[in-house]
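Lettered A, B and C in written order, each chain numbered from 1.
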């Protein structure tokens, strides 16, 4: 009885509170397919690393054949759904073309991704081998999938690229929008909490630590109060820049010049010239003995200034 | 042989080092059931989004029926276990009542969650459609499950609500305690590292960025040195407030007034009046050329002041 | 056709762009086995918590038997692969010895982990029971697996320990290197974004909040430009220290003295004496009314100084 009335109320709410229903609409990309595409993609990019058994060279052509066909089939289906969603007049034909173009980029992507692994090895004394990096550094998954999703983004496929980078975000805490343009030798150490916005650009040999944000500081809205989409609003980062943990750098006209270093926990809304170092004055930091009441028993004043 | 002695030592340690054993006690909630409840809940809240196939309107009543019965059955079992754990004298009867009451809130929860999706669309220029938000924005999962878990929390169900929000935390990096009271149109962009404490309250049209903490600064302990539970210790956030990345706002008497903006990376232990802006002085930021020794070959002085 | 040429190009790229291929090499540890080892390990450490059904005391010896044998078998295989990778001359014999030694540490690890749960209960007013902590606090998984992986690290097993802690990092956002040495009663609240480096040491009764970094500030490179591995480069934290959210503490000669408190969002490159408190001057924080242009309609100046 009771469950029946809850059911009726829910069905009624589907009628009155639309906007979060998706009924009788075009088919949306399948999360499960996105997951499989992402996993297969990592296998193709790093042969021999993620297989359960040792991969002999003679078995590689067969594996590549299987993986390519599987990704190709799935990707075409999901791209077609996405294009249908954005009212593409020829979703089927375009989906096939997009799929082939993106898969054709894989060898080139491998070249870039190889430089990322190299950058991790050179950038972290804790990294003892390429194998350790590929199997246990979260940036490898996040950056590789972003590079793949970026190709779909460039070909104007909606929704799907963001679902692919979100697969990486969920597993690594690294949130790179598929729109971001990233140079070679890119290393993100640890990575949790890193956010790189849609219109950010990043040079080569850039190193970020956990929690770094390349974000927007403000944005235009139209006369309905909705944000204008697609405007440049995230920073540009030059070559050889290192940015320490939890630095927050905002704005579409903010530029960090080549060879510069940005300190951790900095809140930066302005540009930094090349060959510079940016940090908060250390004399603003106070270190002093704790007062008696700060260690009183019965009431823990963990934090009292 | 060796394994046998390890086994004996472990069994002995179960006897001597209690506190992390749970043997012969009441049955605790099952993580697998919590996972299934959380997933089914998202399906009920967002029909047509997370199904593998396109959902036709005519198939919705059947789907709702199936989902409601499945959640109802599982939830009742897990609530009963939780109530037994807190020594409820009538866990069976109460579990049934609690389950029905919480499921009955679903249509109302959908109304609030719909405003959250709307706030994401209006709050992020990168969001191109509601579909993209629902399928690829982590805040949707984290906030929706918190709103659901909050209903269980209000009905004094122990453990289970926290397991449900932790399902969201694990997948999104957004940690909202089920106790927090949250208004409509709530948007968390990116979200990784956001922490919202048990006794926090949040007005409507609030926007948080990644890494924002609404936390406690100190707490009372009883004469055994254990913290006194249930005391107000987290901030209150007014309507239309925006808080930038990694701002840390602490204290139960800290209030951020309506229409105010808090800058990123701020460490804030005091209240902010309405219509204000709070940030660290930019003249404390030093930007200067790197010194020669900072770019010495052979020893990378990534960071030298 | 087209797919065939992509396949050829990929196969060619495997030849020319090595370094991220692993073909015909030694077998690397299996991610799936690592996952199973991690899960079984949590069952052994916390009997009665993660079983789907209530665990009766009389069934414990049988369960321990099954779990120990399963972990033992898997661990030996994965340790052997790892040792083969680092060219151990007797990987089989050593793998067996290492496995037995590490499993033999489990009772001792339980003693330490029990103190961690106790510290969480005493450190967080939101924690209502040990059960809630074990089942819903992410630090329990992250710290327990790090303590386990640390034993493998101490026995010079490559890659595998890092894969085990990465299992925890992926699920909790807490990234503790297996090399870190950690005292008893360790509590990390919320945890997302915490990073603890390889050569960090942590005393007993230490409490960290989300986003705390114990990292490196610079490192030596050899004459090929590769970082010198294994050098002390992360901080030492004394007993009874509390470090608030998003504090970034860097450097191998940085020491936080016993009983000290470090404020949130602090960027700290120097040592702090015992019984101290370290924070940024609050008079650097500006709180002032928003200006008219900051709330202009038509252009949201979310952030304008």
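Please note the rule applied: a contact is a pair of C-beta atoms (placed from the backbone, for glycine too) under 8 Å apart; a residue touches a chain by one contact, two chains touch by 3 or more.
Note that this is a predicted model, so its numbers are computed, not measured.
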Quote the value, from 0 to 180 degrees and to the nearest 5, of the angle by which the CA atoms of chain A must be rotated to coincide with those of chain C. 120
If I list every residue number at the interface of chain A and chain B, are over half of them used by both copies, so same, or under half, so different? different
With chain centres taken as the means of their Cα atoms, state the distance from chain A to chain B in Å. 21
Touching at least 2 other chains, the residues of chain A are 173, 192-193, 211, 219-221, 227, 244, 246, 250, 263, 265-266, 269, 279-280, 282, 284, 302-305
Write out the stretch or stretches of chain A touching chain C in their complex. 44-50, 52-57, 60-61, 64-65, 68-69, 72, 100, 103-104, 106-107, 110-111, 113-114, 117-118, 121-132, 134-138, 171-173, 190, 192-193, 209-211, 217-221, 223, 227, 244-246, 250, 263-266, 269, 279-280, 282, 284-290, 294-295, 302-305
Within the complex, which stretch of chain A touches chain B? 2-3, 5-7, 9-14, 17, 19-32, 85, 158-159, 162-163, 166, 169-170, 173, 175, 177, 179, 192-193, 195, 197-198, 211, 213, 215-216, 219-221, 225-231, 233, 242, 244, 246, 248, 250, 259-261, 263, 265-270, 272-273, 275-282, 284, 298-305
